[in-house]
Amino acid sequence: MKHLTISIFTLFIAISGYGQTENQIKMDSIKTERFERGWKKLKEIDGEAGEKVIESLKDVSPDLAKYTIEYPFGDVYSRETTLDNRTKEIAVVSALAAMGNARPQLKVHINAALNVGVSEEELSEIMILMSVYAGFPSALNGTLALKEVIEERKMEK
Amino acid sequence: MKHLTISIFTLFIAISGYGQTENQIKMDSIKTERFERGWKKLKEIDGEAGEKVIESLKDVSPDLAKYTIEYPFGDVYSRETTLDNRTKEIAVVSALAAMGNARPQLKVHINAALNVGVSEEELSEIMILMSVYAGFPSALNGTLALKEVIEERKMEK
Amino acid sequence: MKHLTISIFTLFIAISGYGQTENQIKMDSIKTERFERGWKKLKEIDGEAGEKVIESLKDVSPDLAKYTIEYPFGDVYSRETTLDNRTKEIAVVSALAAMGNARPQLKVHINAALNVGVSEEELSEIMILMSVYAGFPSALNGTLALKEVIEERKMEK
Amino acid sequence: MKHLTISIFTLFIAISGYGQTENQIKMDSIKTERFERGWKKLKEIDGEAGEKVIESLKDVSPDLAKYTIEYPFGDVYSRETTLDNRTKEIAVVSALAAMGNARPQLKVHINAALNVGVSEEELSEIMILMSVYAGFPSALNGTLALKEVIEERKMEK
Amino acid sequence: MKHLTISIFTLFIAISGYGQTENQIKMDSIKTERFERGWKKLKEIDGEAGEKVIESLKDVSPDLAKYTIEYPFGDVYSRETTLDNRTKEIAVVSALAAMGNARPQLKVHINAALNVGVSEEELSEIMILMSVYAGFPSALNGTLALKEVIEERKMEK
Amino acid sequence: MKHLTISIFTLFIAISGYGQTENQIKMDSIKTERFERGWKKLKEIDGEAGEKVIESLKDVSPDLAKYTIEYPFGDVYSRETTLDNRTKEIAVVSALAAMGNARPQLKVHINAALNVGVSEEELSEIMILMSVYAGFPSALNGTLALKEVIEERKMEK
């Protein structure tokens, strides 16, 4: 894991390393604070599933990898807010289940929800709610995604 | 068909207390349990905004009015579940903000969320989360819907 | 109305009229067959509401107006097929109600459905079906669009 | 099949069986009427494909299984309405093809449509209509889903 | 390839060949001009990927195949317009990535974009833009689709 | 304008101003670099329309205002990339027209596109492309949004 972190950092520095003035470097080193905070948060919440997403972007779009760490995790998830991690993941799982067009991310966030203490039962309740607001197909597909995640977690143990 | 329409009208009127035939009462009285439970729940959660939705459906589709009371409220919202009303509304507001194609319902549920104790601050946090998962337009439109609801509630007082 | 038809034709010819070889002209004169067939079909099905849509496009995008007449109406609606106009409109209203992001077109096609013999009752049944497959918000918004169209038609009489 | 029915019933009773007052039991026994009617309707329309969906939910969300039987099938599909089963499935297939984010359900309902007498030709006509209202990608993906269902049905024979 | 072209033409003629009056034949022979122009354009832009789509529709919906060639390619892509092919594909890839429910078509058009001179870097920039307007899931899924296309093109060489 | 800038800055500082250590202040002052860069970019591209969006968020969600300036404009639009502003706006307008659920943002970006040199004709070409990929309703609604923007710009002069 440590290896990955370093390689992404190196990568990121490599990208932004051409012809920088000192001023830019200072700015980037601070950008790195958001990045580090985000990277830590991503690992805390999404765990390995999140790291794999970042890893998969490394060659094709290192900058999207960087932004994914910085904005969603370094900024948004790191906010000190009235919403705890459980509530955040309940909101995100609801959104992704309702949209119904982002299955890989739905599974990542079902996983994240379970990681931060949302129970399987609570997640299946959310899918029942979705039957009302996004229709039964979204509810069924969300519930089957939940089922897959539960099974994958069992196998990993 | 005519018969059914009439019986449903009767049912619906029964809420405000007008006479049913005995035959209808037997069938309806059981349906009416889900219906009554749903109607009570709808008023508890959505308040006047919810009643207006039902009222607006009365002429054009009394059966959709009935189902809206029975399934979402009589069944789903009435479930004794690990999710409290606050969490349910957080899930629903997230879903509707993310889909971005159901503004009237989003406003009804922002209202409902405020009714059951979700704070304005928590709702604006949810919209910030949506900027990540459904994009900034959904987040902006959700936040402006929140702003409208807050202003409407101020004026009503 | 005749006036409009002519002005659109003129417009269309004006657009494609610069420096054509004889070969192109022959092609365009036949394109006009699809156009004429489509224009007749559009008036038959959508009536005035459809004509207004075309009229509104005249300045900003005469070519989209042309394509709207040619492909949806000249080609697709003019197909001699096993589906009659009623069934076609039932399919289209269902699609637009389910997507929930094209209210003006939903209203045009609710109108069209009523024009070709689908009853108000059948349309409200379709919206009830949509509560299952696209969720209650889509069903409610579709039903309220139906209500508006019914009222507008009453006022026009 | 009988076996499955029983197991779901047992399941359902097991869930709602703790600490009921007599009053609740009476209510549930009537809920069971909707359930039975819905289960019969589901088998009539969706056939084996529908049963598999319910079976797949059994462990992860028996309540969503129950609601899927009760509301869509026990209530909506069981309505005595001016829409026959053919028309209903045409509406549902149109909605699911247009939304484009619920492929498993689209295939189940293409199957259902063929079961209740909609022809392959009619279904491909619907997809052509969708090219106009939801774009060519939805039309193409819907047509290829139709193709898959046709091939699967051939193999099953 | 020539063989396929001929077989589709034959197919198309076979379908529309029953009991035509002379007038219809004249019309169809010109329709064929749009068809030929479209078929040439489709091969120019989408290459083999596009031909495979058409081939896959041949049995199940030859008319959708015909329309796919005629309207999108014979009409729209063949327009002599201020937009060059590069810009067109940038617009189409953006649209498909944002909708997030048409992955096969997204891959076809990423391929098409690369065919007409859009660079891999430009495509990954577009996906970064999509993170803002359609959310990070659409951006990630679009970027991973880009990655797959790049890898498939490497293997084909 | 200057006044607004200052008030937003003050606002932003006010929010993050409680109990900061010196370290945090250093970080924030650099965050402010993204903010300043973003704010400048927002004014350059979206002009007054963009400023109004930010202004409208001020009371209800100053943090979403901040993020809207920082991520979309400070990060994404400020990238030194192979895509020029024209191409970026073409991509964004395509995405928003295709999604069809973010009309205010579509209008802001049609405006932005015109500001950075995309012509009215090019924008109407993009909408014609959308008729293929997102359906005629999206194309029509996008074209009518374009028409509104053109008229609003005429009136402002």
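Here the chain labels run A, B, C, D, E and F in written order, and each chain numbers its own residues starting at 1.
Operating definition for what follows: contacts are C-beta pairs under 8 Å (C-beta built on N, C-alpha and C of every residue); 3 or more make two chains touch, one makes a residue touch a chain.
Keep in mind that this is a model prediction, so the values were computed, not measured.
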item: Given chain D and chain E, the chains that contact each of them; value: A, B, C, F
item: Chain whose Cα centroid lies at the greatest distance from that of chain A; value: C
item: Identity of the chain that, by mean CA position, is farthest from chain D; value: F
item: Chain A-chain B separation of Cα centroids, rounded to whole Å; value: 31
item: Inter-centroid spacing, chain F versus chain A (mean Cα positions, whole Å); value: 25
item: Distance from chain C to chain A - Cα centre to Cα centre, in angstrom; value: 43
item: Sites on chain D at which at least two other chains make contact; value: 63, 67, 71-72, 76, 79, 81-82, 96, 99-102, 105, 128, 131-138
item: Sites on chain F touched by chain B in the complex; value: 53, 56-57, 59-61, 63-64, 67-68, 71-72, 96, 99-102, 104-105
item: Chain D - residues contacting chain B, complex; value: 27, 30-31, 63, 67, 70-71, 75-76, 79-82
item: Parts of chain D lying in touch with chain C, wherever the complex brings them together; value: 71-72, 76, 79, 81-83, 87-88, 90-99, 102, 105, 119, 121-122, 125-126, 128-134
item: Residues of chain F defined as touching chain D within the complex; value: 130-138
item: Touching residues (chain side chain A, partner chain D) in the complex; value: 99-101, 120, 124, 127-128, 131, 135-141, 143-144, 146-147, 150
